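Naming follows writing order (A, B and C), and every chain is counted from residue 1.
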């Protein structure tokens, strides 16, 4: 190795052989001689490309006109058709333990269904953008919502991932929503079902679990959890998976900052859940739920008024 | 399209035509044949460049010396002057519905004012870095604060965006702070007014609303919301915008983790707000506010001591 | 400058000279004529490379086979050996005020120790991945945990940074964990000591302080803070640093979403801390602590049922 190195030849040989042993002793955390992993960078690139088709001009190339837009779409759809089918096929092959003609066929079919749904998806996303503008007094116009709001990234990525989820594409939907999670702090499981005109303000720390159902015109603020309460285990001590364990929000529900709603409960139509509320029960329609104000302790500390930096800032 | 494809020629033509229709039926979420969008990547690049001018050596090129620093600045300022004016002009043109000589002039003027303010901005940022070191026992020195703290990215980006906000540059300030939000989890609206020696520790989930006012030597922890309480609507059901609806923090206020302060209330000088407190009222100077300890339920579960992974972990 | 520019020659000269003055008047926030800063991009690249060695095939090149894996490792270790030693040496030189032969030697030694520990580190990471799968009903398999969970990025980065921390490498461990913080919203100080089989679900907003100690098979949810209660100051008003001020979690502790535990307290073996709990006291082994349900206020608002977007959504 490098001239500076502390490694003798023997050290190096020993380390390399220990690492090799470790790879084969711990196969869960390597992926050697197993083909067909999808490519994260390729999937991130596809997400960007899809944003360019869904919100042309706002994402992707900026020089689109009524004259060149058709050529742009044709080109993008061709690229997407090939590249999506390949990533989907790799995800399906990984899940199935290897490739097959049937998987190739399914991947092409899923890509076809997904791309055919793009016009319908745009109509849905238009309702979300309008909900963002109407729900936030700090939004100057809808351009600002499309162009700079994390909700647009998180919700549009979720809506795409959810279509792939319904098409039974494994892994890729989760990679897509975790990418949005990393960019926005908003963690929506691809399995969650979300109605039109959905808005999340600020959004950092929001968690929406796999079996959550959200109606139309709902709004969430930062730090809201729609989660599960606890996990039943079977006789072998394995947790159950895939049963309905997250909340249902009916239409027009608003949940304020840092509220936590756990379990398969129903928050009724037009109900409002206040900031910081911790809920594990259903709420009837039209009802407002808030914490009975926690009693506050006020302690006067007259000296603190001239403390500068030196005093003990204490809770 | 690809040989594998499921698309017939008719399918493809039909999809493309539906997408085109969708673009013109839903114009809010496209930007076709409308010039003058700013470029997000260009603005992100300008932010990086400005960090290199504000914290030379820490950001941007590392080989700066007393001898070459002048040439570095001259070069950077020339680039910034041209590139900032262009992005600002595009934001202003977008807002005004098209370009004009008056807008060009305003953009150049705003760039001039901004660049002239850089030395003053550095003086302010130096107070923030020192506040970070003095406010966090885990900080080994100020280099660590400049070089690795998310607060430095979030606060410096906010202070730049706030100058553009005051210069009436539309959209760009919001793009800047949302970029910092994505990188740090700290969401500061560019309209917020923040005094010197400001520090945010950890920071993920912090939200500071548009009309917030923060005095000198204040400190916030992760998850703190300085937000609005509710939005009045006019007769047409549109929400009011741009009135004072967020808190005022006087000098030396400390707000601990996950506290939420909502509405146009005043937290008096040197007051302390405890972790998790939910406040919608003003607090007098020098006062400490904390939750009266929520009564805790303790349940002993002796068997859980040998549960391993198989037991039911339940709230 | 540019033809459009508002700057006269005098303006430009004056601004440049003010900036230069500012650099030398505020030396804390520049790094001019001071060599030996580490490179953030280089360190981020090393993290990626190390992920490729720890989880081969999942990160880094995907075409690894039983035949080529040995050549891949040899190549990666050579690159890592040289590049790690260089970054470590720059961090140590920065800390010591300049380079020296002794520092070169220490950097090479620290690199050697770190690389020799990689097989042991893999064994630890395998326990974390399994804990992730076993602790989350939404995980389809361990591939999904390795490939798409933020916990994998945050915990593996922490475990590497913690080894460097124990080897007394300054600054670099913090740069590493802040990079993971930016990508995942999970902020783990490199000083924290964490046992095997550790899992963090969702994770956004998690803060784990410098002197935290976590046992085996613990699990945290999003928004959990393991923090310090307050900082004692010395006679000069400087805060004390580096004493034990964060919690200890014994084995098999579970902490649910948004709970805050502050101070040097001990959460006993197999204890469970409920969502949103604010704790500053120790908890005995096997005990479940939850908030006595905050009394909720339910207000019926029958008209809200037909409010649409126009009504006043109010907390």
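The rule is simple: a residue touches a chain if its C-beta (ideal position, glycine included) is under 8 Å from a C-beta of that chain, and two chains touch if they have at least 3 such contacts.
None of the values given here were measured: they were computed from a predicted structure.
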Chain-level touch network, classified as line, ring, star, complete or other: complete
Same or different residue numbers at the chain A/chain B copy interface, by half rule: different
Gap in Å, rounded to a whole number, between the CA centres of chain B and chain A: 21
Contacts with two or more other chains, residues of chain C listed in rising order: 134, 185, 204-205, 223, 231, 258, 262, 275-276, 291, 294, 308-309, 313-315
Residue numbers on chain C that touch chain B, as the complex places them: 1-2, 4-7, 11-12, 15-16, 18-23, 26, 28-34, 37, 39-40, 94, 134, 170-171, 174-175, 178, 181-182, 185, 187, 189, 191, 204-207, 209-210, 217, 219, 223, 225, 227-228, 231, 238-242, 245, 252, 254, 256, 258, 260, 262, 269-270, 272, 274-279, 283-292, 294, 308-315
List of chain C residues in touch with chain A within their complex: 53-58, 62, 64-66, 69-70, 73-74, 77-78, 81-82, 85, 104, 108-109, 111-112, 115-116, 118-119, 122-123, 125-126, 129-130, 134-135, 137-138, 140, 142-144, 146-150, 183-185, 202, 204-205, 221-223, 229-233, 236-237, 257-258, 262, 275-276, 280, 291, 293-302, 304-305, 307-309, 313-315
